[in-house]
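Below, chain A partners chain B and then partners chain C, in two separate complexes.
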Partner chain A sequence: MRRAAPGSRVMSDRKLPRLLQTPAVLLLLIWMLIPLGMTLYFSFIRYVLNSLRRPEWTTPSLSNWRGFGNYEFVLNNKDFLFAIQNSLLIVCSILFLTVILGVLIAVLINKAFPGRGIVRVLLISPFFVMPAVNAVLWINMILDPVLGLQGLAVNGINGMIASLQNAPLVGWFFSLWPQLEPISFRATQTSAYAVIIMVTWQWTPFAVLIFMTSLQSEDQQQKEAAVLDGAGLWSQFRFLTLPHLSRPIAIVVMIQAIFHLSLYAEIEIVSRGNGNKNLPYLIGEFANNNIGAASATGIFAVILANIVAIFLLRMIGKTLME
Partner chain B sequence: MAIVAETSRFSKLSRPVLAWIVGLLFFFPIFWMILTSFKTDADAVKPEFLLFFTPTLENYLNMTENYDYWRFATNSVITSVFATIFALAVGIPCAYAMAFNPSRSTKDVLMWMLSTKMLPAAAVLYPMTFLTKSLGIFDTHFLIVLVLMLINLPIVIWMLFTYFKEIPKDIIEAGQMDGVSTWGEVKEILIPLAWGGIASTALLCFIFCWNEAYWTVRLTTTEAATLSKLIEGNRAPEGLFFGRLSAVSAAAVGPIIVLGWFCQKQLVQGLTFGAVK
Partner chain C sequence: MGRIVLENVTKSFGDAQVIPPLNLTIEDGEFAVFVGPSGCGKSTLLRLIAGLEETTSGQILIDGEDATQVPPSKRGLAMVFQSYALYPHMTVRKNIAFPLRMAKMDQAEIDKKVEGAAKILNLADYLEQKPGQLSGGQRQRVAIGRAIVREPAAFLFDEPLSNLDAALRVGMRLEISELHNRLATTMIYVTHDQVEAMTMANKIVVLRAGHIEQVGSPLDLYRTPRNLFVAGFIGSPKMNFIEGAEAEKHGAKTIGIRPEHITVSADTGPWEGTVGVSEHLGSDTFFHIHNSGLAETITVRADGEVGFKHGDRVRLAPREDVIHRFDAEGLRIA
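What follows is the complex of A and B.
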């Protein structure tokens, strides 16, 4: 063991902590500032990867300054409006579904019952599935209208109805029933629904886990007092549990919003080339050639994420130093 | 007691039944993938073999031939392991300093670190492609390790910080009185005390690295391509290869799901940045 010199203790109180933080701070600073700075710069110049007519635009030089032209171009682009709208549709639907399902399931498994540990393990598993596998699994093996489980189920039900129609006595009744049509989840709008379904499946466990953690700190005495006062299950839930969960719900909403605004793998796998897109996907499309537009879209995405992030950070900041 | 009577009818039967149904429903897609992975490609799309079929291991045995699975898996392991090690190597000193010698700016620095995590990756897609290609590190293990480390560093520091904060300061100060060097403090006091916390941080970081699906797809082609890239590249088998695709998918997510079971609690802390307790 090395013995520290008397003077060095002073140093370790002041300078050393800062020194120990330096690598992390520096790395993150570079990681954030340089690419983001470049995006900001590219968003103000005309910059394309291939242009036969205007070869001068293929180098990112200041002489191609375009001001807010890229932003204007993006704002007037109907793909951009569609992507924003679609991003919001996907994110909001997922949030709505995961929070509702999350609260219900968390309340359901909050009390002890036989095999609770196993049910928890079963429930949490989807969260660890990598996004690419999630998307491939759902779109092919489950949602496919012909070969997936959906197709098989629809076929099976149709077959059942058909055989019932031939049955004596009740046949006339079932002949009034329609044949079911499988839904193709590879069309523009339906593939957004497919993404919503698969991400909800993956992230509901996350919501359940957080709500369950929070429910464990719920005031049981208060609850018992409420029961003695004659409060039913519903009013216990409505006036005690739900207010207790308000903060975790807010956090789940914000964290998921940030994650799902940059959803990419699922969109790429489910809807490549069918017109369904969100902001990150649109940026990827622009980035095939029009870097200026891709960068301007990127700045919009940053702004959108920041609106959510500010609220989230404020909330986390409050609990930070407790 | 009144409380027991009030809830017992629901608790006794409906709750477990309902809970089990929900649990099984959520697990079903994974179960289905595993089940399909034991069918031949031909059987996988035949309704008559939906549940009852002759199981086969051929999909797993042919994974290397069909998908070059082990190359991608090796890349995933290498990049995730090294990214985790480096994130810890950078994160432990930083979290140590923040927890035991906090200054007025510590809180702000922590919040700023988190905010870097909230930047949408797609916004910097082209600059990253451009930079890495001009530096000649595009599609290298080095790059993927670096990127995975950087995107997880805020969470690692944050989690370590919350663990370190719970260690009584007196212990560290006692060490200082005895004239232990800073390195000695970290090695002989901090790491043994916070071992559990460090291990679960590492585990969670590893899982996040393994499942990352933006940069690992966009910044690789063949050399450093991970399992995310492999699966993404086989997105639409048109029913021809359900069996083998299920096998390779199951092999890609199986180990991680099992690891995940062991860090459910840490997951809450790591993902909510300690805001939910």
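What follows is the complex of A and C.
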């Protein structure tokens, strides 16, 4: 079947660009669909890396079909709900802290002062530290209750108070003070906070960088108009700077949410998952042997990421559209 | 009320003195225009009055009170900026209401004043829109609205029309003049455009390098420019300057004659030249005359119907009574 001459010309006009796009589109599809398809497939079969009792489970095959059994297994796992809650706690805390610190620091260094260039470079530098190195440095050198800065500081304060307790006049006041206990950040109750602290330290520079560039494009005449209109420093910040930053804040929140849902290295190094798991870490634990359960968890992670993404787009999309 | 007096005001940025000691009085209700070429310090002077720049020395008196150290928001002045400086994320209503909100006025009164200002400026239909959705002229009106609601002692305009296209500029010029007539509030207006200055001002202040060259009504400046700079700056097209023997005949180093004061014809007049470019505006024609032996080019205004062509020999007759004479220092000889 042939079309009329003009029609076929239009067709060929469209065909060429489509043809040229095809490799990229195909590559993307392969890139996404094959891993996703394999994960889905593994999540519905019994597939383990090592089993002496049932050696047939060690090769993926449709004859090992398990239906939703893997999903059931994951849902009944005691760590699953905890991992989801913990994922959200970590992501939300980091977002909250980095945005607030980022805005404050960016506003602070936006003013001209001697040495501003050096200060800026230093401020950005945590972002260039590798996550694993960051975690090792923090947990051993800073947060360690004995050898870290924390331990030294607590010891120092305790020593100072002890020596002041015998001082005349003010001694009674200091003898009321309790002995301070250093906090162990590898413990079940605190390991999540250690991760939050170190990731916040690493990612605040990212927020600062984005907010700083945005602040430099702020219209100075608007500020002068506001000064004449009687706005004080706080009102200028509240009514001009903050709305001006709404778009970069949306971008920072979006990018960081994506990154922090998949935190792994910090959790591994701080406590090996003790008291602090997120979905990727849970997947890692399952994947030591049970690939089926790991795949099912992976599918749950995809679902969680999508829920978070929809939520963020609803909340932030509006700001970006304006 | 809004009588503004500057006494020996100076401004330096580092070692560079931008405004040497300067004295100026702007009477209540006056429309004063600061005009001068770019970099002459006119905007700096306005910002000193507004309080956006600190005065290095001297005094600024507003209604007889020393305002030199008073913060900008307490001076009772409102300013309209070249870039409009509207708050982009607020609606027009909130933009206009902003100074009132900062003054903690109650909501009912704010609404009343905003509606009032919107009515004067024909903005009533746009109150719920954001500045980004408005045209340049409308944005300018919002900026003026934000100034009006404060009921300031004086309005300060910093080149407010330079971002508008030519047709709109003429319209807004009329609107601002109209507004001045209606409110009878002091207005200080900065521009580099001498046409704006001539058409709007009661009082023109011509500035050059921070110095006041001359202060006066538009016609004063047109009729009796104090020196060569003012003579060349006020009036369009520019005044013709002639030096040499012709000037000495009039007992001056330089004489100046405006294009509209020279009659061009085929056979009468003491001066002679060749027609170069002619600019036909319809109502008028401007001829640029070369080879007159007086100056490189002499510009002449003629009636729109006068039709000399490129290369024609013509004769020029200046009106003797309006020839301006200047001495070696460039000052006017009375």
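Keep in mind that, in the parts below, the second predicted complex is superposed on the first by the 270 of 322 C-alpha atoms of A that agree within 3 Å, B and C clash if a C-alpha of one lies under 4 Å from a C-alpha of the other, contacts with A are read in each partner's own complex, and residues count from 1 in each chain.
As a working rule, a contact is a pair of C-beta atoms (placed from the backbone, for glycine too) under 8 Å apart; a residue touches a chain by one contact, two chains touch by 3 or more.
These numbers were taken from a predicted model, which means no experiment stands behind them.
Undergrad: Scan A:A83 for contacts with chain B and chain C and give back first, second, both or neither.
TA: A:A83 contacts neither chain B nor chain C.
Undergrad: Based on the superposed arrangement, let me know which partner A:L228 touches: chain B (first), chain C (second), both, or neither?
TA: A:L228: touches chain B and chain C.
Undergrad: Which holds for A:F206: it touches chain B only (first), chain C only (second), both, or neither?
TA: A:F206 sits against chain B, while chain C stays out of touch.
Undergrad: Does chain B (first) or chain C (second) touch A:L122, or do both, or does neither?
TA: first
Undergrad: Taking the superposition as given, does A:L16 touch the first partner, chain B, the second, chain C, both, or neither?
TA: So A:L16 only meets chain B here.
Undergrad: Of chain B and chain C, which one contacts the greater number of residues in chain A?
TA: B
Undergrad: Same chain A residues contacting chain B and chain C, which ones?
TA: 224, 227-228
Undergrad: Where on chain C is chain A touching in the complex?
TA: 50-52, 72-73, 77-79, 81-83, 85-90, 98-99, 102-103, 146, 150
Undergrad: If you look only at chain A, which of its residues touch chain B in the complex?
TA: Touching chain B: residues 1-4, 9, 12-13, 16-18, 20-21, 23-25, 27-28, 31-32, 34-36, 38-39, 42, 105, 108-109, 111, 113-116, 118-133, 135-142, 144, 146-147, 149, 152, 155-156, 201, 204-206, 209-210, 213-214, 217, 224, 227-228, 233, 247-248, 251, 255, 258, 261-262, 264-265, 268-269, 272, 279-280, 283-284, 287, 291, 294-295, 298-299, 301-302, 304-306, 308-309, 312-313, 315-317, 319-321 of chain A.
Undergrad: Tell me, which parts of chain B touch chain A in their complex?
TA: 2-3, 6-7, 10-11, 15-16, 18-20, 22-24, 26-27, 29-30, 32-33, 36, 45, 47, 50, 90-91, 93-94, 96-98, 100-103, 107, 109-111, 113-116, 118-131, 150, 153-154, 157, 176, 179-182, 184, 207, 210-211, 213-214, 217-218, 227-229, 231-232, 234-237, 239, 242, 245-246, 249, 252-253, 256-257, 259-261, 264-265, 267-268, 271-277
Undergrad: Touching chain C in the complex: which residues of chain A?
TA: Checking each residue of chain A against chain C gives 219, 221-222, 224-231, 235, 239-240, 243-244, 246, 322.
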